[in-house]
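Just so it is clear, A, B, C and D label the chains in written order, and each chain counts residues from 1 on its own.
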């Protein structure tokens, strides 16, 4: 793929994130859906968030939608499913009930939202899903997916890791929560990425995307495998936890043990700048501009691609300091 | 009468964590006989019964049963939260055509059945709302209706009134006429001699005697139970109470106008130091309620309790601090703390007194506990034994000890000798006497009229939650009391109970 | 014994009314304050969402009346869904019976351990909570695999079909609740359930088959959790692995709000249904408020829960 | 005729009382034999440091369980404590810690009030705080994880006293205190009495309400202490995840340690061992790099096995 060429954002803050449309499959014009034209400006738009805004990614994501909604002058209805899938279905139905003519959904899970999509379809309301791809049919069940390619993120993390370690050494993987498809994709991408290098995975244990769990697991691993030279954490929080654990065990993270993770939170990027972290592959949460732009295009009658990949940045020792303001 | 055995036990042994509850016991129950099973508290009676019914499996020996057994266990063993009717028919409910329980019929049948036992309570209300005695009658009705060849009764009369005792004995006779064999456990000698044919005496888990009852003089039976020679046992009356007490003039306890609708109404009780006041009344007349009202465990509509002229706030803690203690009627749910040791159960209420700055003193506790175990002759393997492992009577003694070590001014005793063996009973009664002499004010509730008549200096008679009369001095006779309790009780109870 | 239960009859009625009163109040107020609350769509969704929880809570009601508790239902719910989705490739019957059998079997083992070895239900079912989650992960390749159900299969119809817009699961839950009520109050098994929870020692002495009764209720609870999972999978058209976390606490909460005593011996199915109604209405109302920050939502839920239990407690006096 | 065959079976209570210890020893031996680098000071240190916060919560939980109650809100209280720390860290670590403990105290007293005075069943009373408490913590913290930099506060999580990590020392001292409290004080004995038979305890004139409120308050404070220590070790205030599912870990440890959920008994040393056992189980599973699925099933089996040997026989 042409991932590298997407890295166009270096300045200008969140809103400047660019997108590239992947042209897998045919586009989706409004004519094919038979949906009515709804002007974004002044429209009632529903946003269904999946989890509490208790981590930086969700906070930034919700904020981005809210900011852009304000900018576009739309009437935004907002719900939060509190990590409960059934609640998210109810949420979406209630958004429709409350008069939402356009929907933006951050799915809790790739599967299981079909009843909600059906309800939207019945009311001829287009649904833009963000950050997590669902298994339903684009253009019919939902309009399009805007988000990162998690497998790709894993691969890029692998590249960073190979670059930092010279392609050899022992890696421990801090997995995300079990049963979560983000975990699955980021693991697959990373393992594929290191397949032809000399890197060897010596342990993979779940840290449940949680800093303290990541720290606790790392403390255990560093005792039983003192020769670990690299850590791949599937989110920044676990990575930061691992850094604390490594320091406590007398290691120098970023030097004797390389740490690479995915997300792009301020804490992790700051650690790179401080020299105790190796690299972070961004998972861009600023979906607001792209989401509304897509809805506008849809109203105009443009063809909407099935997948819209948001560009993810990358942070390493070479740019962490100057890009710190861009981290969330 | 044919002597065909329905239950035959040979060489049964049962040990609980080091305690030999049954030691090589032989026991035979013949068809159609009423067999008394007697012994001191902890002798092994209930254990033998539980072995017979299969609740406990014996460590050794053999048991042969020939026929269905139906049992009334020592503590009321029904389900308090379920309705009276549901308890009565649990496991054999009447069905309708769909195979579902026919509740209307069940309730109607239950109502009719219980009327035969003199119980008029609402059969659809939870069993727990009935007084203990009424519950005992329900258990009796249930056991009898179970269509059995053998009915076992473990202290069925321990919480019954004279009237109910008569009803029960009638039932026993009826069963006897139907050829049903009965094992009857009781500490009340009169009952045994009135209805039983045969007796087996257990002592410390050993069967020490088995034979016809009528030929065995009462004094010899007692000597067999206690394991002491006949002349060692002093001749008592029916109770061990001594003379009346000489009380001070000023009451230490005054309870005025106690009202908790609909249970008790305008009840006044006053007791002077050194005085034993009895509360008489039928089952459900509100005696327990009155005692609970005094100690502050029953929410009151109005009423005041004064100790030495000073009003006491209406809660148990304040009442306890003011010197009131209460021995509860239902030792299983309101008395013992089953998980704790005998020692801890005894010192429980007195703990603050035995501690300094909230730190408990073990040596002080041990001293007190040892003293009480000796004084009340509590049968324990060690003070550290779990109280739940004691026999019923010994648990009762533990509770008495608990109250005595708080050194109360006023002691409310709700059925203090319930389920206690003859020996211990005399001791407890003597103890009450002694305590009164030492200046304690005692409120005595008992279902045994003799105990009340002999023990109390004054009797307050309750009827339907109200004071129906007060009797003193020469008025303290059986006739007077029964008259005051309720006119209709006199005929049957009086006629039958003068036989000793 | 006598004083505490002095008002037990009154208690029973009022207790049941306590939850009902709270529900009626909540519904009335929400109807007035939130115009969309009473919309047919909203009510349909409310009932549908409630039906899954109701099926789980029905089993929990039986368990709690025996004086036990079943923490494994959340995991079994998820496991049931995954099994149903996997089984759907072999047809309707497999999709429906497989989760019932497997979850029922785990429930049976719960019951067996609890009844025969005297281990605390809390801890036994906590272990099966872990076990069922582990099993779920094992059969989904550590959660990487989500089994889909073909959208046109008869099994999906079970979850998505409607009568007057009301989903089948609502009717299934209602039928099960009626059946549950009958079993509880009008069969010997039901009486045994009450007796076991009301006074276990006595129940043994009364000849109640206590162990069998316990095994029965845990098997039932497991089976119902599996059924709820199967229905959910049919509704979601896939065996989602991430559902059911914390569902056991929801189920316990609705049962207790419905007036069933956690100490056992007393409870009603109707109360549980009312409890489910209350929880779902509360959740719905929080959604209706709309602008509430997500963190405040749980605070509000907690406060609501508190108000309901306190209100109930006060009504009971 | 039914015959009951002769049977002589005298079971020893030994295993029942010492099941946890046996299990701990067995697991240690297993690790010594099969786990690389297990017998190192650093490893033991890690296990102890990780176990300390759980132990502190479990001690409070053991007391609550002793009164026939349960406290589901401990994890939420830890989160509240974590959320409070950064608010007051500016005024010095001591102030921040005191404020966090005060919040724990208030939360515990509130639980106790609901249970004792209002008469709500413990599991439901504390469920309300479980649901709402974490939300409140997130509201206080504005939903954010806050990185902490105060060196004095962080020292709590990293420094040693006489070569032993501070948190371990604190946990050990608290265990001793709680043991003394239950076995040697009036309060402790009253606590088990209330748990053993509340009605009887009331009739015996014990200050039942005071005991209950006291116990829940202690549990709240201990949870807050645990929250403070865990926060300092994490070097961040993370109310979203702090103490998540701690209630279940604590209850498991207490029960595995031989304290029955039916109340009336508290085993403090057993609780310590229960915590150690569960910690070792987790460590073993991680060190052997088992996948989550297998790890969860093995944990389930070990819990059942440990409670099975320690169960009270009928």
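Everything that follows uses one rule, which is that contacts are C-beta pairs under 8 Å (C-beta built on N, C-alpha and C of every residue); 3 or more make two chains touch, one makes a residue touch a chain.
From a predicted model like this one, the values you see are computed outputs, not experimental measurements.
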Top-ranked pair of chains - ranking by C-beta pairs in contact: C-D
Rounded Å distance between chain A and chain C, as computed from the means of their C-alpha atoms: 34
Rounded Å distance between chain B and chain D, as computed from the means of their C-alpha atoms: 43
Rounded Å distance between chain A and chain B, as computed from the means of their C-alpha atoms: 73
Chain A, residues touching no fewer than two other chains: 52-54, 178
Touching two or more other chains - residue numbers and ranges from chain D: 138, 143, 199, 292-293
Chain C residues counted as touching two or more neighbouring chains: 4, 136-137, 142, 261, 293-295, 297-298
Topology of the chain contact graph, where touching chains are joined (line, ring, star, complete, other): other
Chains that touch, pairwise: A-C, A-D, B-C, B-D, C-D
Contacting residues of chain C [partner chain D, same complex]: 4, 113, 117-120, 122-124, 126-131, 133-138, 142, 249, 252-253, 256-257, 261-263, 293-303, 305-306, 309-310, 313
Contact set on chain D toward chain C in their complex: 72, 114, 118-121, 123-125, 127-136, 138-139, 143, 199, 248, 251-252, 255-256, 260-262, 291-301, 303-304, 307-308, 311-314
Chain A-touching residues of chain D, taken from the complex the two chains share: 35-38, 40, 42-43, 46, 49-50, 138, 143-145, 147, 158, 230, 233-236, 238-242, 244, 282-283, 286-287, 289, 292-293
Complex contact set, residues of chain C against chain B: 1-6, 8-9, 12, 182, 185-188, 190-192, 194-195, 198-199, 201-208, 261, 265-266
Chain D partner contacts - residues on chain A that touch it in the complex: 52-56, 59, 175, 178, 202-206, 210-213, 215-217, 219-221, 223-226, 237, 240-241, 244, 248-249, 267
